[in-house]
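Going by the order they are written in, the chains are A, B, C, D and E; count residues from 1 in each one.
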Amino acid sequence: MQWDIVIDNFPYLLWGAYPKGPLGGLALSILLSLGGIFGAFWIGLAAGLMRLSKRWFIKLPSVIYIEIIRGVPLLMLIFWFYFLAPILLGKTLPEAESALVAFIVFTGAYIGEIVRAGVIALPKGQMEASRASGLTHLQAMRYVILPQALRNMIPSFVNQFVSLTKDTSLAYVIGVVELTRAAVQVNNRTLSAPMEIYLTILVMYFVICYVLTALSRKLEKKMARYQARG
Amino acid sequence: GRIDDIKARGALVCGVKDSVVPFGYVDQASSQLVGFDVDICRAIAKDLGVELQLKTVTSSTRIPMVVNGQVDIAAATMTHKHARDEVIDFSLTYFMDGQKLLVAKDSGIKSAADLAGKKVATVKGSTSEKNIKTAQPKARVLSFDEYPQAFLALKQGKAVAVTTDSTILLGLKNSAPEPANWAIVGDYIAAEPYGLGIAENDSDFRDFINKTLNDLWRSGEYQKIYNKWFGKDSNYYLPLTWQMELWP
Amino acid sequence: MAMIEIKDINKWYGDFHVLKNVSEKVEQGEVLVICGPSGSGKSTFIRCINRLEEIQKGEILLEGHSIHADDVNVNDLRTEVGMVFQQFNLYPHLSVLENVTLAPIKVRKMPKGQAEELAMKLLERVGIHDQASKFPIELSGGQQQRVAIARALAMKPKVMLFDEPTSALDPEMINEVLNAMKDLAREGMTMLCVTHEMGFAREVADRVIFMDAGEIVEEGTPEHFFRNPQHERTKAFLKEIL
Amino acid sequence: MNYTFDWNKVLSGEHLDWIISGVGVTLQISAVSLVIALLLGTTIAVMRMTKVKPLIWFSASFTEFFRNTPLLVQIFFWYFGADSLLPRFVLDWLYEQDFEFCAGVIALSVYTASFIAEEIRAGVNSIPKNQLEASRACGLSFVQAMRYVILPQAFRIIVPPMISQALNLLKNSSLCMTIGVAELTYMARQIESYTFRGFEAFTVSTLIYLCISLIVSFSINFYNKRYLRAVSY
Amino acid sequence: MAMIEIKDINKWYGDFHVLKNVSEKVEQGEVLVICGPSGSGKSTFIRCINRLEEIQKGEILLEGHSIHADDVNVNDLRTEVGMVFQQFNLYPHLSVLENVTLAPIKVRKMPKGQAEELAMKLLERVGIHDQASKFPIELSGGQQQRVAIARALAMKPKVMLFDEPTSALDPEMINEVLNAMKDLAREGMTMLCVTHEMGFAREVADRVIFMDAGEIVEEGTPEHFFRNPQHERTKAFLKEIL
């Protein structure tokens, strides 16, 4: 066992070469997942609501987006955005940003489904009651449906955030020095403690994800009380 | 052209590897990328009068990144091949090497001929991957993302040999706790002249790089860099036995 | 001019004919009770009146104006016609007060202070002004349903529709809701009410209609209806229910 | 966009063979992992539903740990880190085999099993408690009630999430390229590095993944509509 | 010897004392109706009789034998005591016929043919033999509850327990279930029935008991109970419910 290698390199695993170089390691992983979930929320909200529309020209693009993204491995998506998007866009993105875009687009599709399911899960009576009192469809969505649906969705969002945190490790393949790649670099330099190094970062990921998962379970229980019935 | 872009942005973006000792790797003490390729890039940046900015590439990402313009130069232990000329341009050969095998000292393997039916480790998208398949069609080739992973596979017994350019093998061997347990064997399976990869159709930029390389060689600066990494006092001693192509 | 005039309306769900040539007139201030077996189309009938359901044939007039005319804004129509549901359908994320003020503020653009004053008055009328800052989940079913009534009244509707307002309530709470409805009836509100509470019908209904299989089978004053039903189906139904 | 497409490079000769063999390996590694994950996941779920403390503790830690860590790191861990966990002779034997494939299967099946175990548990918990009461009240024993009343209902509820787990598994198998398993993504990258026709290679492999996924998810919808009818409370 | 004898039973949920020294005797063929406000312990009381709940003090005898004795197999006990729940609790994945035959085949090891014959007879008795091959979800609530009764009868129990069998039903369906129960009572089944259907109690109950806060507050024949209740709490309750 060579835990000293882990100990010596622990700061590198935490924040990469920062402050002498770019930020990396766990800090970058967290930044990527925070940025990813934030962007994905808005895309997912739009996609989810569009998919609920009765008009085909609104619904269709979001159905296509959601179904395609959910049918493709994230790894593929990362390659697409990194190597192939520049061919289409004629412009390049730095690797961390390009990974971030891939995460946003990928997670957005899943959040879209959460939003759709969340809105559908509300009792039909909520929409009827608000329409019956003269609110327009948009007002009903804005003041009655979404405030409830989004709150009910918080646990699902947290779960999605956990998945995304795990998925940031895939940015490794295009050379983003997040936690996994930092660990691979350390391992490649030393080559004598792979078990220790990988176990360490497994535990680091675990701590973050487990805390979030536990939080989401708590929220779920708390939330069950306030849901509309019937 | 590209030179104007670089000057405008004030930085030359170079793609180097981050785990190939001694060409490009992360120095433990400083957490910075260092190595022979890094120093060559630094010299070019200096000539251009701009900052040097480094990006990590791997054997399989370096060409797309040059094509897409994510890096200006790929200085990443890249062999100059005709097939690659179709998509990118190369500078003059700035380093000359050949492909060999790294094996355990007592393995009894002497050359590619002994590899029939055995597993050989190398990296994805490298010339070594193709060469070994030609040299020994009966070997099973395991391709990894990085050389150290290939060496780790060898150490753990998942493969009997690592094959790639001999300097890289030397770097791997000397980074092991007991270098004496490993041996670099066989004839050159293929010659491996390294070139700097740049985007196509920009002869100004290529000329500039080639001229810089020439100047480095003539002024003796190149030899200094070379000796820093491959000299007698370094961990990776390799006598300088070739000449850069020089322009009058 | 009748408050509501329903002319020969027909509605289908796919192949299923839910409402068959239903006609009816309701005068200003009249209270109409609708009863009938499950699936007979009672809910569908009153939901057509505020266009929560669309009809395929016939016409509905509100104060003489067709509610299906091209120039009718369905949201405006619904402010004229309040509705109370079986399942209360309060907004669980808003307080009682906010439940009542939401529509006046957003639809009528009433200033918040004024809307709250109105809401407090209405909550007092249904007897629960002391619960104004609670959330629906903290109220009993009977209290929730009275909030729902106040919410509908907040738009100052000309007509109120009730769809089995007491059938989701525990027996002890039914009376408090019925009392609120009786008050409303006595104050002269025009009401259409789907209910099986025959005590309520006897006490305040001006007319009772009995629906079966999408048709109005029988119609009359409560006395006539309970003492002397003409139709076989009505008799069978009343026997079940009383 | 100054890029000329050359689909022939990817869709003919040696490169087409690579794609086909990549699809084969992808399906193979997914199928093997799925079978193991189902067995393992069921075992873990059953352990967690018993009343034996150590079993509950073990199964809970198992699911929590493997669900909450990245698959990629798990793959690295099994492939590179197992070396210091197992005795030499076992390793030697393993390395003789197709160890890359084995490590991929272990990582994929352990990861997927932790999700499957949770799905099974959720499925059983979603059967209302009064179903158990009603069957016990008729004189059925606990085991009989499970066997004839609870599990048959739970099974129908579990099937659709199981299929999505299988799909996730299929997509996740792409990560095995990092340890040299020659599956579809690996082959796409190999074609790219040989021909520099990344665009074509990635398009083709993306479409293949997409087709498999869409076919399977359409079948789920079909199943939902057709068979879930009878289960509702 | 009484069919069921309940001796001073006590039950706690944690600190909460649900049943307080409840005693009762039910003779063979007797019909006992239990009523009382929500939360008074009625369900808990009858669920103790087939040991769906365990008691902490006291004793219950079935035909003179303690049901808590060490040699009592709880599964055998439950075949003697049939139970019908408020929520029907049919097995949704099995057809009506399979719902009824499951226990006879698996517990009594009855051959399938014979079990089906018995089931058809019972389904006919509750008036729904024509629905035998349908699934529960395709039936109305009243039909489902009648299947549940047939399912309980299939084990040929000596006693039947009913826990508010009609309170989840629409008004029109209540009678079809009550009629099935009345038939059963007239055929001499021993029945304990938690219900608020006072018509049913009047017609077939031999005795009515009123529970409040875990105690039996009042007890008597239906006439006594409805005409002349003694206790304040009983009076208040009857006023609400009638």
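Some notes on this structure:
Keep in mind that, in the parts below, a contact is a pair of C-beta atoms (placed from the backbone, for glycine too) under 8 Å apart; a residue touches a chain by one contact, two chains touch by 3 or more.
These are the chains along with the protein names UniProt gives them: A = Glutamate/aspartate import permease protein GltK; C, E = Amino acid ABC transporter ATP-binding protein; D = Amino acid ABC transporter membrane protein 1, PAAT family.
Computed from a predicted model, the values in this text were never measured in an experiment.
Between chain C and chain D, the least number of touch steps comes to 2.
Here the chain-to-chain distance from chain A to chain C, counted in touching steps, is 1. Contacts with chain B and chain C are shared by A.
Of the two chain pairs examined here, A-B and A-D, the one linked by more C-beta pairs in contact is A-D. Rotation angle, chain C onto chain E, C-alpha superposition: 170 degrees, expressed as a multiple of 5.
Chain centres computed from CA atoms place B at the largest separation from chain C.
Comparing mean CA positions across the assembly, the chain most remote from chain E is B. Each chain gets a centre from the mean of its Cα atoms; for chain D and chain E, those two points are 48 Å apart. For this pair, chain B with chain E, the centres built from the Cα atoms lie 84 Å apart.
Averaging C-alpha coordinates per chain places the centre of chain C 38 Å away from that of chain E. Among the residues of chain D, those in touch with two or more other chains are 80, 83, 178, 189, 192, 198. Residue numbers of chain E whose C-beta contacts span two or more other chains: none are found. Counting partner chains per residue, chain A has residues 83, 87, 173, 184, 187, 194 touching two or more of them. Pairwise, the chains that touch each other are A-B, A-C, A-D, B-D, C-E, D-E. Note for the complex: chain A touches chain B at residues 8-9, 12, 16-17, 20-21, 82-83, 86-87, 92-95, 173-175, 177, 181, 184-185, 187-189, 191-192, 194.
Looking at the complex, you find that chain C touches chain E at residues 37-38, 170-172, 196, 237, 240-241. Within the complex formed with chain E, the chain D residues making contact are 128, 130-131, 133-141, 144, 148-149, 152-153, 156, 229-233.
For chain D in complex with chain B, the touching residues are 80, 83, 91-92, 95, 99-100, 178-180, 186, 189-190, 192-194, 196, 198. Residues 59-60, 63-64, 67, 83-84, 86-87, 124-125, 130, 142-145, 149, 152, 156-158 of chain B are the ones that touch chain D when the two sit in their complex.
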